[in-house]
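Chain naming follows the written order as A, B and C, and within any one chain the residues start at number 1.
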Amino acid sequence: MSSMILVDLIQIVMTTLTVGSMYALVAVGVSLIYNATGVINFAQGEFVMLSGMTVASLYGTLGWPLPAAVAAALVVVVLYAALLMAITSAFAARISLIGVLIITIGASIATQGAAARIWDSDTHRFPPFSGDDPIRILDATITPQALWIIGVSAICIAGLIWFMRSTITGKAMRACALDKAAATMVGIPVRTTILLSFVLSGLLGAAGGIVTTPLTTIDANGGMLLAIKGFTAAMLGGMGSIPGALLGALLIALVETTTVTFASGAYKELPTFTIIILVLLLLPRGLVGGRHETGLHHDDLTRT
Amino acid sequence: MSVVATLNKNPVRRNTAQVGLFLIAMLLVPVVFGTGYYLNMMIFIAILALPALGLSLLSGLAGQLAISHGAFFAIGAYGSAILSARAGLSPVLSTLLAQILVAVIAAGIGAVVLRLRSHYLAIATLSFAIIVELVIEEWRGMTGGMQGMLGIPPMGLFGYEASSDVQFYYVYWPITALMLLFALNLASSRIGRALRAIREGEPIVSSLGIHTAGYKTGIYVVSSVFAGIGGALYAHFVGFVTPATGSIMFAIEIIMVLALGGFDRLWGALIGVALITLLNEYALGFADYKKIILGVTLIAVMLVFPRGLLPGLIDLARHRRIARAA
Amino acid sequence: MKSARIVAALAATSTAALIAGSALAQDGDPIKLGAPLILSGPGAFAGEASKRTLDMLVEDVNAAGGIDGRPVEMVYYDTEGKPDVAVRVVNRLVKSDRVDAVLGPIASWEAVAVKQALERAGVPTLMLSATRASVDPQSDCMFKLPVDDAIVVARLYEYAKAQGWTKVAVISSQDGFGDGGHRELVGQAEAAGIEIVFDEQFSMEETDLAPLLNKVKRSDAQALINWSSSRAPVIVTNTYRQVGMEIPLIHSHAALSPAVLKGTGENGEGMFAAGAKFEAGDSLSDDDPQKPVIQQYRTAYEAKFGDAPNQFGAGAYDAFKVLTAAIDAADGTDADAVCSAIEATDGYVGLGGIYSYADDDHAGLGTDSVVVYTVSGGNWQVTR
């Protein structure tokens, strides 16, 4: 009986880490863009979708070598991120925060429609990097691809944290997030740092799409739900905080996995979204305590 | 001259006159153009105008955006559907009773989420919408789950049931006109002014002893009931509801309506609904293209006219006229 | 100036259309058929194959002079795989396009939803959905073509019993298809001598099914039956392998498509599914009356479109054949006459089975049209 509980526990931990890593890549991306612009990017899931679809068609269908397909996916996503940056900050000062949120919603659905035209609306998948043979830990099992997901996510996020803390450019980005006016005064190119945030955020999403597609499959409309999960996680942890986003993502994954294990898969979203409403009310700045929006935008939809 | 002057001084009379003329015009449409498939679209406009008017009240007066109107549309639809199809109440009664449910839930949710602003409010209401969609999907015994609920009786009273599109048209448009009049009067009333004042500076208004939270919750409830009535009318027209009735995509479409018609224009909401209904009709069968059109239009409108397409165009025309005069 | 030119152009084209219209009228009014099909979303492959098949058939019929001299005209709409959209397009088909008959919809949750609207309109309808619920309860002029869950479950239980798998776990998707299958699986279990030891539903949006399948793994089930459509069988199969399950995996007829095998790859080896003989094609015995029909359709489809057809296209093929034969027999498109003619269909050899309708049977097929398949060497093979 006790071994049963142990197996359950191992299974929950492994699933939480896998699903959590997937959410974390999106959530950290959301936080990066939020830091740079004060905007929640609804189109964050499209990074994942575009990279997954690109690799699936180039590597899975056309038979390109994997590194070439990955490189192509990264290029696609970087270009898309730059485009997104251009439209969201084109007239930023004139448009309310919710206005920009609406723009990213528009970008998200337009991308879904376009992806369904470019590819199709079927689900796509490509073979996992190290096969499908499960690895057994006691009676619990984990697929090798899950280890890829956890590993790649960990490396990406650790790399990002190092970049933000230890490089001049990273420090400039943080300075920019804290106070744009002051950053401009000391000679930090604000627009470039914003662009960089979008690109980094896109690359995180792209990494997510590349490692998770063999496990979860992807379709043209699959990005929006991931984006909602991502910014829910980011908000749970505290908007703008990278460790917060990570924590939020793991927490959501834990809640979902526990619900599915002990109740039913059908109810897995229920506790998640109840928790988000509660956290927003009780800890409006999230678990870790993120930042509140910068003064760049006003928050009234009807004023210009 | 004097009539116009009186009308201008008294907003209630002016609103009544405008809406009255509008309703007469609408009621003449089938007389002039006859019956046909277009009536089906016109009925959808009357129905979808209600959640749009509701959201327009909230965004126009409180300046905020909620993504919960799809959810309240669904609660109104399912509430009335269950009360009429399962409990056997008359559709009119079930429509009204469902609004009590909508109002109670909106008051509960509003009291807590309206402390949030801007995109925090948007996300909190989005979370609520997802929960509602989930409950509808899971409470299968009651709602029919993903499969939806069939066999909802058509709108009617005392044994008379609307059965043709013309009949629905003549029942639904007066309701929508009445709701429009109510919304216009609310916006120009003391309550409307108080809400605008709260939007401009909540701490100041609150220091004057005005109960700001009460006003905000109140307008949220009213705005949600608009959506709820729309839902009930929808259920008794189509005869069938599914979880998609109040999905996120539907909520986005309502936001799109306001982006077209203006976030603080009640009449604009009607025009926005007409445009979206036309788009939906012509994009029937081109779901992917519809998404592209919807998305790109949303981006373009927000970039060029952040307050909405219609107000933006009106401003533009006005500036031109002024420039020409000068 | 410009607007005058546009008006002139418009006038010219409308006159042209008028002339074209009257030329057509001389050959007899076209027979208008409406097809609400799932043409976008994850189930689009089903609608696409159906549309191509219908286009191909219409071309053939019209080239041969139509039915009783009347050309056939198709009106397609995309249901997006959503019941509410399906209801809207069906309303448009009957109210605005005024079609003579409807072929579709394909998805079970759409079929159940549009029943009411079609019933009210009284338009002859041939449902392409694979659930018995689309014609049960029966209504006057509504028929169903492909093999449905009722007969597939019966056949699967027969097979499972013969293999000694009497304790089964059932997982089904939360939608019209999963619900319909679930109803049959639970309803027929006792009579078939099968015990359901695990029964849970899952959402199609689920990203990770490992926790669910781990629960199944721990039950004492001797086989796992998965009742879900579109992409779900792929995810179930891959996860089944990832959690290291070894009991037999049995899918519904919705899994019988090349797309599923492409998605599962190696993981699909050894899994089961039951459905029409269509997927078997060449491996059917030569004395099977369906074999030449299936081969002929496959060859024609592949020659025209360059890839393999699927069972959904086959369903549309059978529906078109049954309907046009009925219109021919009824000497016109009068709804009552067409419906009686469909009910009189007896022993039509189609791609999905041998159809015989009756006034108390609008489902058309029996268990003899269903065979059990297993995947071997990357292909669906009929079990012996």
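Criterion: a contact is a pair of C-beta atoms (placed from the backbone, for glycine too) under 8 Å apart; a residue touches a chain by one contact, two chains touch by 3 or more.
Remember, it's a predicted structure, so these values are computed and weren't measured experimentally.
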item: Chain separated most widely from chain B, comparing mean CA positions; value: C
item: Higher-contact pair (C-beta pairs counted), A-B versus A-C; value: A-B
item: Between chain A and chain C, centroid-to-centroid distance (C-alpha), Å; value: 37
item: Centroid spacing, where centroids are CA-atom means, of chain A and chain B in whole angstrom; value: 33
item: Multi-chain contact residues (two or more partners), chain C; value: 40-41, 174, 203
item: Interface hub residues of chain A, defined as touching at least two other chains; value: 116, 121, 266
item: Shared-contact residues (touching 2 or more other chains) in chain B; value: 137, 287-288
item: Interfacial residue positions of chain B with respect to chain A in the complex; value: 59-60, 63-65, 112-113, 115-120, 122-124, 126-128, 130-131, 134-135, 137-138, 199, 248, 252, 255, 259, 263-264, 287-299, 302-303, 306-307
item: Complex contacts: residues of chain C adjacent to chain A; value: 40-42, 44-45, 174, 200-203, 205-212, 214-215, 218, 230-231, 234-235, 238, 241-244, 259, 263, 265-267
item: Chain C residues within the chain B interface of the complex; value: 39-41, 76-78, 80, 82-85, 87-89, 91-92, 95-96, 109, 112-113, 115-117, 174-176, 179, 203
item: Chain B contact footprint on chain A (complex, rising order); value: 39-40, 87, 90-91, 94-103, 105-114, 116-117, 121, 224, 228, 231-232, 235, 266-267, 269-270, 273-274, 276-277, 280-281, 284, 293, 299-304
item: In the complex with chain C, residue positions of chain A that touch it; value: 4, 11-12, 15, 18-19, 22, 116, 120-123, 125, 127, 132, 134, 136, 140-143, 145, 215-217, 219, 221, 225, 257, 260-261, 264-266, 268
